[in-house]
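What follows is a set of notes on a single structure, which appears directly below.
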Amino acid sequence: MTFTSSPASSAADSALQAEVQQFYAWQMHLLDSGEADAWAETFTEDGVFAANAHPEPARGRETIRTAAAKAAAQRAEEGVQVRHWLGMLDVRPQEDGSVVALSYALIVNTPLGGSPQVHLSTTCRDVLVRGEAGGWLVSDRQVKRDDLA
Amino acid sequence: MTFTSSPASSAADSALQAEVQQFYAWQMHLLDSGEADAWAETFTEDGVFAANAHPEPARGRETIRTAAAKAAAQRAEEGVQVRHWLGMLDVRPQEDGSVVALSYALIVNTPLGGSPQVHLSTTCRDVLVRGEAGGWLVSDRQVKRDDLA
Amino acid sequence: MTFTSSPASSAADSALQAEVQQFYAWQMHLLDSGEADAWAETFTEDGVFAANAHPEPARGRETIRTAAAKAAAQRAEEGVQVRHWLGMLDVRPQEDGSVVALSYALIVNTPLGGSPQVHLSTTCRDVLVRGEAGGWLVSDRQVKRDDLA
């Protein structure tokens, strides 16, 4: 990430900061609850999920849904509760109405009967767009694990 | 937790998101500072604190106060500083004026001279109501540890 | 920290809560990206950075810049990505227009090819003032590590 402009400070920007946090809370709750269908609906139909841990981005809502359902099934089998913590959110409204959202994310895993482990530390760069219902959708997500070069 | 509706997005909802975060910061600072009296005042007189780690909920402000004071004394004796991190907050205004607040919480313990440990990962479901002074009070709290079935 | 007043609850306070969060996200991204020059610009010219881990506070933007640049170089050499998570933010507007911001901070270190470690747990007490461009600047920061007496 590079950062060149000063932080947003208008009332509209403050409202946006809070609104995007609300969106992420809801989205991560869906993911960690294994609700792969509802999770996939938080991406645009042609949404892209790229990660430096994966050779190729996941492209399109159906691919994202399938990947989430598979991961949820695996975690359930392993008896691990995953929590995605997203924070240190920097929201940047764009001229076309979209928002670039830069954040940190921690993945905290808790095995049944065990202690929580901070599994991964990452950054997340999202492009968010308004969906038809008025809420935000992710059109592009880029996740970078801090442990990978 | 189950999640069926889309995230809040009005200006009022954005203000509520920020306001409830402010409340939680204040409340958790009280708890982690061992201020059991002030902590108890953030619950309604008949407030309930239930946890899947406890066989019975704590019922009423006095019970909550006593439990907090006892826990604070124990931590002081052990030389452990506890920090409650609450995040990924999803606020849901209800028709009766109350708010259902769904969140994650991490408990981070730091022993004197030692390294911080992520002690517990939990979810928290609160019902918040307006107190006489205009601030929020917890009328019902349900904490679920991720390591327990 | 001591806490005696009730949490903020006006619309202005909610906007401030969100605005300060936006500021901190931006500021911590700068720090963790090793952008020492831009980081130093988020403090006032005579800004003070005090920590219970240091015998003397860093005084002035140039001292803060030099310390940040040195720390960034060291982390790069060690191959460690540091993430500063600031949360549980309690913002308190002061009569002179400044803001006292009380928060928790976690420092999460991830070595290249390794697992993230919660390195430190701290509290942070900032005095924030408006800069000429309208954004916030830190005029006084006091960081206390939880592992130190």
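Think of it as A, B and C in the order they're written, each chain with its own count starting at 1.
Everything that follows uses one rule, which is that contacts are C-beta pairs under 8 Å (C-beta built on N, C-alpha and C of every residue); 3 or more make two chains touch, one makes a residue touch a chain.
Listed by chain with UniProt protein names: A, B, C = Nuclear transport factor 2 family protein.
Predicted, not measured: the structure shown is a model, and the values here were computed from it.
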item: Partner chains that subunit B and subunit C have in common; value: A
item: Subunit A onto subunit C, rotation angle from CA fit, given as a multiple of 5 degrees; value: 120
item: For subunit A paired with subunit B, centre-to-centre distance based on mean C-alpha positions, whole Å; value: 24
item: Junction residues of subunit C, two or more chains touched; value: 14-15, 18, 87, 117-118
item: Residues of subunit C touching subunit B in the complex; value: 1-4, 6-9, 11, 13-15, 17-18, 87-91, 102-104, 106, 117-121, 146-149
item: Subunit B - residues contacting subunit C, complex; value: 14-19, 21-30, 33, 35, 38, 81, 83-87, 108, 110-118, 133-136
